[in-house]
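Next up: the structures, one after another.
Both complexes shown next keep chain A, but they swap its partner, so chain B is in the first and chain C is in the second.
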Partner chain A sequence: MAVGRDGFVSQASLLRLHHRFRALDRNKKGYLSRMDLQQIGALAVNPLGDRIIESFFPDGSQRVDFPGFVRVLAHFRPVEDEDTETQDPKKPEPLNSRRNKLHYAFQLYDLDRDGKISRHEMLQVLRLMVGVQVTEEQLENIADRTVQEADEDGDGAVSFVEFTKSLEKMDVEQKMSIRILK
Partner chain B sequence: MFLLLPFDSLIVNLLGISLTVLFTLLLVFIIVPAIFGVSFGIRKLYMKTLLKIFAWATLRMERGAKEKNHQLYKPYTNGIIAKDPTSLEEEIKEIRRSGSSKALDNTPEFELSDIFYFCRKGMETIMDDEVTKRFSAEELESWNLLSRTNYNFQYISLRLTVLWGLGVLIRYCFLLPLRIALAFTGISLLVVGTTVVGYLPNGRFKEFMSKHVHLMCYRICVRALTAIITYHDRENRPRNGGICVANHTSPIDVIILASDGYYAMVGQVHGGLMGVIQRAMVKACPHVWFERSEVKDRHLVKRLISGVKGTCINNTSVMMFKKGSFEIGATVYPVAIKYDPQFGDAFWNSSKYGMVTYLLRMMTSWAIVCSVWYLPPMTREADEDAVQFANRVKSAIARQGGLVDLLW
Partner chain C sequence: MPRCHILGCPVLSPAELTSSRNHLGRLISHGRGHFPGPEAVGTRTVHFPAPAGDRLGRRSSSKRALKAEGTPGRRGAQRSQKERAGGSPSPGSPRRKQTGRRRHREELGEQERGKAACEGRRKRDERASFKEQTAAPKKEKEIPRKEKSKRQKKPRSSSLASSASGGESLSEEELARILEQVEEKKKLIATMRSKPWPMAKKLTELREAQEFVEKYEGALGKGKGKRLYAYKMLMAKKWVKFKRDFDNFKTQCIPWEMKIKDIESHFGSSVASYFIFLRWMYGVNLVLFGLIFGLVIIPEVLMGMPYGSIPRKTVPRAEEEKAMDFSVLWDFEGYVKYSALFYGYYNNQRTIGWLRYRLPMAYFMVGVSVFGYSLIIVIRSMASNTQGSTGEGESDNFTFSFKMFTSWDYLIGNSETADNKYASITTSFKESIVDEQESNKEENIHLTRFLRVLANFLIICCLCGSGYLIYFVVKRSQQFSKMQNVSWYERNEVEIVMSLLGMFCPPLFETIAALENYHPRTGLKWQLGRIFALFLGNLYTFLLALMDDVHLKLANEETIKNITHWTLFNYYNSSGWNESVPRPPLHPADVPRGSCWETAVGIEFMRLTVSDMLVTYITILLGDFLRACFVRFMNYCWCWDLEAGFPSYAEFDISGNVLGLIFNQGMIWMGSFYAPGLVGINVLRLLTSMYFQCWAVMSSNVPHERVFKASRSNNFYMGLLLLVLFLSLLPVAYTIMSLPPSFDCGPFSGKNRMYDVLQETIENDFPTFLGKIFAFLANPGLIIPAILLMFLAIYYLNSVSKSLSRANAQLRKKIQVLREVEKSHKSVKGKATARDSEDTPKSSSKNATQLQLTKEETTPPSASQSQAMDKKAQGPGTSNSASRTTLPASGHLPISRPPGIGPDSGHAPSQTHPWRSASGKSAQRPPH
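And now, the complex of A and B:
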């Protein structure tokens, strides 16, 4: 997917992000490795920090170049009104559409990329996010409850469609958007 | 061939005269006062004149920018992204309220949507985080005729460009050679002086000579950088047996502190020129130079300068102190050093510039202006441990210098 002129990220924001990319790339390699992202202190204390870093390295790659960097960040671009109105059905869906934002979040849960969030995967995320204040038994209960609530076809796992459905009232566009200052 | 001769001798004469003048200037106005610790006030006068010129230059630039409708200052130092001021708990409650379709009589501990908040926060830090922001040098409100500090420098008016050109000429052709000569003198005197003092038999005379050699050379180095230092509360200066702890923004902090007091230093072993200087200094006074990995040798030194963590952070923050200096049990004398970036930025971005480039940048700026506050001494209370004491000292220093206390 192209970035830049196609409107996925504006020209000015692209420049800002490039500055940031260069700042993160300490050894001036021209790409970012996992370690570069791990150096960000505030990210290290984020419970989902590791998973977010992993999302930059799809398919087992060890490096992320600038287009790849922007591709992930483009998910978080706010949805402008013009985007939804002038949607050309033949063009690929922009990365910051509601569906793609939800898909990004879904992938943070679905570690093995099988298209479903199993109870086990749910438990893992729970442990990361709620973890220390709650006992293992309580965690399992919560995981069970959460999967049950979202699971419609009764296969014991949450597919992407079920995930989307359970969050249909959620203002995903606003919660998963970051506005870049002009 | 014959026509060249008169010119030759003329040039030689001119060279000779200018060198003599330079040398005399050096000696009379700079080195001699440095030896005796007096000041003619030349630097303060210089600073006042420069300020007037800068004010004029800024006005011209602002006027010029208004005429051409340009945006004058780069606005991005306050952050790349618009951040929400809400806290973690508030955000999660909000997320649950908007996403839940059931009645909220029992608030669940976890919802599928909780992930959104952390996800977004994580992305925000990847795009822009507090610490990295502090690593870029502060932007100035007024322009100080150094093109390196103004990224928006464009042609505004002939007069301004001429002034800037004149500034470049003065800085590179007059100030720079002068400063290099001074630095050279200072460092060689230090090396030679301390080596000579090292041969003296141990005793009061040796102490006396060592003290004065050190002070003299540091004062010369201070003048080599044209550092205009204002000392506050000098009655709180560190005394024998105490430990001096300061916030560390640049490598020249040591020079600034050491020119006002006789310190034994604790620092990391360096190679090259620094190593030569270190080894010479050790002959006259018990400094301790250690490898980063070894943390022993703490009890050898009577008065120390403790540096902070190896990295230099831009002036506006105070990073975590090394715990080691707070465990010895002596009185701690905190010192706050704050640089005014208006005349020259002392900040060293070690990933961007090497040592030599950094020194050159410093020596081709107008001046390095800083303030040093000596804070009242602190001792560790019975009920605090080293970390708490360290934090207490750190906040005292941060408060004094108006620096932002960063929890690192």
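And now, the complex of A and C:
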């Protein structure tokens, strides 16, 4: 029953999210399609916007309903001390844990969902982020360097574990949190 | 936020309650309705009046409390009241609700109570059925928006009403019970340690008890303690919010922050560092301007003698005709020369106005404090920059990963900001590429060393040559100045040579510096230093010419003084005038006067500043803007590609601009003593150049070919500035200490030396014993030991700081090593725990670690640890062989599936909860 412990959001935020959900759902379909999400201005300017939208549609489905919508956003619930201290080890890890937050970020880069960010995937992201201002050769250099930095097992790709390690110093709990999602 | 869901009712802390009441009030009030009545004391749940509802929810998180069937006592009454309150279509003011509620309670009879109880039970059943319905989603969405908004409004009124009424219904009996509870909880806290509970339970219990005590001690305090407490919490929350807003406001108040960030995103931090320096300089000049205007110019204008009252404040008869011509004013002659902008305008009266403001003294002290303040501020900012720079320096691991994975700011929603962010990501990537290339450069040390020595030799030759040239030209010009009818070239030879040197030497230096093959950041520093040395020659000639001028004027002063005396003497004693009537004083414009070398020096600096400013602007307009226009538009009809080929667009000249700024500031420091208005002009100049250069950079420059990251501290700029400050202090100190002031102009006229004003003040205005003390302090026997002591102190502090910084570096190294050991340790441990947990894998990555572990089982953990260490040491390039063992393990990772999204993930059962509570809540709406 204690929904809050599992990384889910409070009633107030649910209400707010539901408002938002319905505002996005313009034809009152009861679900959101990719088109609906593409209308958001902030996502349109984001180089990874498409990836983010894609993350709402697991397994190539065409629609996301409200529970699915909330489930994705639950990753961004701020971490509270209480959550971490009173965690029941038997329970599944809450969606807003550091690991799950990181995993959400990871899958934005992992296009083919094979659990690894390959050099090719990295190049694609780079092209999205810096555009044509940097030469292809330099882009490849960057990608190589990134793989080199993070890659520990020498398979030429960044696995989730390596990804976690490279972002070890990042304050993910803080950065990947939306304050209103209490 | 503490949260406990009873039938989907979240429980909030009081502070949060106040803010989110509008959303949650309804839920809270519902929850309260189902708590057992006052009689059911046996349960862990305690019942409190309405405001305690939220807290109660927490207490009664056990299902037992919910199931406990309370007798329909006061609860029923409250329930029906609440329903009435909640059902009222429009939210009334809390006060009205409250009174209505009280009346209502009195009216309530037994029969109503029974009915209410039934209703309550029915409600509960409803809710239970909803719980079962949760499996089927999508109810929530069908509720029309109108209803929803209504639902949102209602809770506010009901919760307000209930909380308000609760505040009043604290009866004696209830108070006693709360007191008892508080005591109990306190006891619990005290004996928690010895309880045979698991640690997790102890922690939760302890926290609950502490919160309880904290809350109700406040409530018990006095009659209105509860409300006072809520008010306090509200204020605390407001205060936090205010602080956050204020911080935002503060960042918004930083002037030109957006402009500079804009430039930084397009041109890199090195160009931005110039603008940050410019902004800092503007701030310093504003303070100097305030000092001089507030303490010298304004008092003089307000209280000093008006224009035209004495000779020094009047335009002489000979200049009167042209005094208002623009060409004259432009040269700072005419009326401008005889205004408060310049030294000569000030009178040597000891006190002025009804305030008896000691203007000469103030003038002297302000002149000194301009230097004092500048010194302090430069040194302080240097110190704070070094402090800031020691903090970082360990973020050089994973630079590219960081940039790649975390550089985008997901809060950006504005397309313009997004463009900037694109640019800045690109720039930062470029910066790191340059850094990376520099650190990985394979170089022939001997060749590089040879080239560097050669380059330095060439540049020293250049500098010596130009130094000699300057010296030679100055010598020649001194000869020319003695001769009559010299040609235009001969008169302006010094300026021409100086500007030619300034034009050709910097590019020459840059070309030679290409030999050295430095990192561009280091290269910029060298370039700055060399051009600085060149500009020193400029300064030297300027000062030399000025000093000659001053000495010439001083030599003439004696004769002019005699002429003035004679004129006045003759005027008053001339015959042919009626002796009985006193003669009207001679008109001030007619009095012959000296050349006032101080004003001449001030004018010289003023002219230099203005012409410098104009030259800068015109260079920008012609060299950058017109060139950019030409390249841009003529490119359509030209035989080669102008943009990529020869003229191309200009790059922003960091070194030239920084040095221009620094030397300009030197001029201001030197000139401000003789032209108090100079700082005002400079403030204007900096202000306009901020806007102008920002525009010019964004419109007509291109980023450097090798964008490089500026060193975080501007300390090199600051160091140069400090040097210039020191150099500009010297001539001013020299003139103050060893040249006699003009006899007929300025605040120190009639004195032997300018600093005599200090002595005068001490003698006349201070008590005599103070004067004696000062005289004693000025004794060389005391000053020399004091200076020695200062040297000793500096030496001591310097050695202390050196040893401290050494210790600092060692500690940092230690921390680094510790962290690495810990990291490898943790990873080994993490793998072990992952193996221990036998529940189904939650995500692929855990799987991966498990797989990895099974592979690694053969090797002892210490070995893998050392392996990791080795890898670190060897660097990324060589780590492949070391990590070959783990490669097959991660080679066959299962296909990753994000947690919480895949249907078969471990979270699946709990994922319906939010929906359930949402739909349950929406359906709990009392029917009307």
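Keep this in mind: the second predicted complex is superposed on the first by the 173 of 182 C-alpha atoms of A that agree within 3 Å, B and C clash if a C-alpha of one lies under 4 Å from a C-alpha of the other, contacts with A are read in each partner's own complex, and residues count from 1 in each chain.
The rule is simple: a contact is a pair of C-beta atoms (placed from the backbone, for glycine too) under 8 Å apart; a residue touches a chain by one contact, two chains touch by 3 or more.
In this text, all values refer to a predicted model and were calculated from it rather than measured experimentally.
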Clash-or-fit label for the pair chain B, chain C on chain A: clash
Which superposed partner A:Leu37 touches (first chain B, second chain C, both, neither): first
Superposed model, chain A: greater residue contact from chain B or chain C: C
Touched partner set for A:Asp110, first chain B, second chain C, both or neither: second
Partner chain in contact with A:Val125 - chain B first, chain C second, else both or neither: both
First, second, both or neither for A:Val134, with chain B first and chain C second: both
First (chain B), second (chain C), both or neither touched by A:Ser159: second
Overlapping segment of chain B (options 149-157, 203-211 or 293-301) - the one that collides with chain C in the superposed model: 149-157
Shared contact residues on chain A - chain B and chain C: 16, 41-42, 46-48, 104-105, 109, 125-126, 129-130, 134, 138, 142, 145-146, 150, 158, 163, 166-167, 169-170, 175
Touch list for chain A against partner chain B, complex: 16-17, 20, 23-24, 26, 37, 40-43, 46-49, 52, 73, 76, 104-105, 108-109, 125-126, 129-130, 134, 138, 142, 145-146, 150, 158, 163, 166-167, 169-172, 175-181
Chain A partner contacts - residues on chain B that touch it in the complex: 75-76, 78-82, 95, 98-101, 108-132, 135, 351, 408
Chain C contact footprint on chain A (complex, rising order): 1-4, 6, 8-12, 14-16, 18, 21-22, 25, 30, 41-42, 44-48, 55, 58-59, 65-68, 70-72, 74-75, 80, 82, 85-86, 88, 90, 92-93, 95, 99-100, 103-105, 107, 109-110, 113-116, 122, 125-126, 129-131, 133-134, 138, 141-142, 145-146, 148-155, 158-161, 163-170, 175, 182
Residue numbers on chain C that touch chain A, as the complex places them: 1-6, 8-10, 20, 23-24, 27, 61, 63, 137-138, 140-142, 145, 152, 200, 203-204, 207, 395, 397-402, 404-408, 410-415, 417-418, 422-423, 425-426, 429-430, 433, 436, 823, 827, 839, 842-845, 848-849, 852, 868, 871, 876-877, 879-880, 883-884, 886-887, 889-891, 893-903, 906-907, 910-918, 921
